[in-house]
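The same chain A turns up in both complexes below, where it pairs with chain B and then with chain C.
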Partner chain A sequence: MIRTITNRFSWKFGRCLTQTCSITSDTSHCQNATALKVNQPTELKESELKEITNPLRFPDYFGVRNLFRLKDLFDAKVHYGHKDGTLHPNMKPYIFGSRLGHIIFDLDKTTELLQDALNFTAHIAYKGGIILFVSHYPQHTLTVENAAKEAGEYAHAREWDFHLLTNSEKIYKGVTRLPDLIIMVSTLNPQMQEHTAVRDAAKMCIPTIGIVDSNSNPNLITYPVPGNDDSPTAVQLYCNLFRDAILLGKSKKSEIPSS
Partner chain B sequence: MDKIVRRTLLSAGRPSMNCFRNFADVVPQSNNLVNTDRSDLNEQEMSHKESNNKSLSGFGKAFTKFSKLTNKSSLDEPDVFATLLRHSKLIQLGDPQGKIVEGKIFQVVGNDLYIDFGGKFHCVCSKPNTNESEYVRGSRVRLRLQELELSTKFLGASQELTLREADALLLGLARTSGRKAI
Partner chain C sequence: MASSRLERIGSIYTRVRGLLRSGAMKQEDKPIWYDVYEAFPPKIEPFHGRKVPDIAVRNILYPEDIIRAKFYERYGSSGQISLTNKYPTPCQNFLDKYREMEKDYADENELFEAVVKVLQEEKSMFSSNEQQSRDTSMASMFTSVNKEISQKSKINIANVLSEK
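Let's turn to the complex of A and B:
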């Protein structure tokens, strides 16, 4: 089991495991350096540097808003929640209402939050970060793993080993590079409790994007996306969107003249 | 255009064709009203229809009028969540208890059929003894819904426990227009 995980993390995709510090700290350091360079140019150099733009200055540099429309979310049954009795109190701000005991999500809020999440994913992919898809819903294992494969990133859609993030150096017997973003397609495990990855990612300062259903707790998730995490159509849509966002980020990376 | 012809003929049905003829004669045909509503149609289409309206009468006139009406409804589909929800099948369904729906079998495991009827969850029904060979992956079946989601509170618990499944009774195969179930 651990061997398959190491395959997914390292050898298959030819990534070297040497850095211990997370990429988020690295990129901030790099950005400061480039900012300093841009701010101290001579007139000749300024014209040369015009082509290099800072993607963070734009609200939607990769155009992730164009990946989906509200109607697509509606058709994929993203607005369906569980019943009133399983509603988590922290999910109340994202609810449109309840129809005969069944919770309905407010898709206007969901579209906004989903756009933010996709934008963040694209930025992480642009900077060359490792993205891990996590889900422990047996029905959707194949969907999640295929999406990760197509995006050229990693997935862990099986039983979560609690040593994975917090004790990685002992498990893999060497310095390991942890994922820079964890996308949780479902934040609950089959026992209907919060997935360990949510807590562990927060401990290791790894940003998370999580599809939170009405029975999940969005507290520890950096970019919660309220929506249905049970219907196969909804999960397929999320996987497609995140895969497309990652590919968008990576395609823009290849467009940089010098990198 | 052919699709519209087929759809209107099907919805009209043979006996009601006489109805249309009478309706067209009764309702005053004022071309001005029709043209102003069609501001989103392109010019070519509008000029074509204008020229046609002069020559058509009776059924032809009524047909062009009603075909325009169907086009209008498809163009005006809003992207506002509240409106989409209001006109959705979930709201139309009302209380799921006792409602008859059509579902599609997406998995067969032994004697169990996993049926998706368009709700959040699928339902699991056991294969009936009659027409066993007809219940395969992809077959359409009729169900009587009991619950859209099986979740109840157990004694002493503060929150409900959900089974992530719907509950429905299998009535039989869905009859399509072409074939009859034995």
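Let's turn to the complex of A and C:
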């Protein structure tokens, strides 16, 4: 805890320095600028400053770990899986056990993985990447689309057309920029088969974050988050969290002047 | 831009890394996520043919499940239980009372009967059970609606006859 606070402090200090530097360079009075630089109370060089302002050096630069607690996941019914007959063997490491024939997720593991996924999302948003929310459940369409709208990003919560990613230039009739991150609120389509976007994103080298229920395959998902993907409360929680992570990343981006 | 569409070979990271190393993909074409992925790699690499870990799924059981089973065997379930309902179920009420009285009795069956007696005197369990069934059960809702309809239709017929 103390370590993160000191990190934060040094980062903020570094940011102040970069701002003063940019101001002095704008005024173009070389003599004054050098005088100011001499007066600065630190011996940091420019390369060191860049290192300090690099968000990738911090374990939790955007503070996404404070967005939720394990109790929130429990209250949103994230721990409920499907019946144990439908369990996908690759989901076994994320499972706490089976309660009278129903799979229960290990929320400690879910918390860790969800935090990693949120951190990744915030970094992509900070770098100006395009983020696409994907879902194929009609009952979650409004939730997902609203979350994307509030975050200022994109959503595809309707029936997935084949070749949307793999043959985009033909479909959109021009050079297309594909999303830099796909967030899948559920990785299955209503026919209980793997969503086409999972495979296509892997083909096009787009990282995916996916909520994987006990009957989905987590193998191709870059950042799988084991949890309930059917309950409206759980979907609402995921959407809110990813929206907040994106907004955190974007707000940090607007704070720092690009140099 | 060069790319590899073989999603079953390696992960997205290893494929892009190979292209960058060989020079097929230029450094300026490097995807945005590449550096982030390097800094925060996922806990398990997303390979298509990842081996299945052989872990047995354990059953989640509690010692008080025996009491629960006994309770449900005798009184049955009160129907559907809403997960949003914050009040304890009749079974949970029973369990709480059971735990309270556990110290005073040595024999399990005696204890069970004693708890039943106490709760019957309090009538909390059974009245709440009845109330819940009145409030929530589908069958009772249908019967009440049916009654209302039949009453209305009777009144209507009577009115019509009197007017004639």
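Keep in mind that, in the parts below, the second predicted complex is superposed on the first by the 206 of 259 C-alpha atoms of A that agree within 3 Å, B and C clash if a C-alpha of one lies under 4 Å from a C-alpha of the other, contacts with A are read in each partner's own complex, and residues count from 1 in each chain.
Note that a contact is a pair of C-beta atoms (placed from the backbone, for glycine too) under 8 Å apart; a residue touches a chain by one contact, two chains touch by 3 or more.
Since we're looking at a predicted model, the values are computed, not measured.
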Quiz item: A:L70 contacts which: chain B (first), chain C (second), both, neither?
Solution: first
Quiz item: Which partner reaches more residues of chain A, chain B or chain C?
Solution: C
Practice problem: Considering only touches as defined above, state whether A:D161 meets chain B (first), chain C (second), both or neither. | Solution: neither
Self-check item: chain B versus chain C as contact partner of A:I104, first or second or both or neither
Solution: both
Exercise. Considering only touches as defined above, state whether A:E150 meets chain B (first), chain C (second), both or neither.
Key: neither
Quiz item: Touching A:E194, do we find chain B (first), chain C (second), both, or neither?
Solution: neither
Quiz item: Of the two partner chains, chain B (first) and chain C (second), which one does A:D60 touch, if any: first, second, both, or neither?
Solution: neither
Practice problem: For A:D116, select first, second, both or neither according to whether it touches chain B, chain C, the two together, or no partner. | Solution: second
Practice problem: Name the contact category of A:F96: first (chain B only), second (chain C only), both, or neither. | Solution: both
Quiz item: Which residues form the common part of the chain A surface touched by chain B and by chain C?
Solution: 77, 96, 99, 104
Exercise. Sort out for me which residues of chain C touch chain A in the complex.
Key: 3-7, 11-12, 15-16, 31-33, 35-37, 39-40, 42-43, 46-50, 52-53, 55, 57-60, 83
Practice problem: State the interface residues of chain B toward chain A in the complex, per the touch definition above. | Solution: 77, 79, 81-82, 84-85, 88, 90-91, 94-96, 116, 119-121, 148-149, 151-153, 159-162, 164
Quiz prompt | Parts of chain A lying in touch with chain C, wherever the complex brings them together | solution = 56-57, 77, 84, 87, 89-90, 92-93, 95-99, 103-104, 112-113, 116, 119-120, 123-124, 127-129, 166, 180-181, 199, 202-207, 219-224
Quiz prompt | In the complex, chain A residues that touch chain B | solution = 69-71, 74, 77, 79-83, 85-86, 96, 99-100, 102, 104, 106-108, 192, 215, 228, 230-232
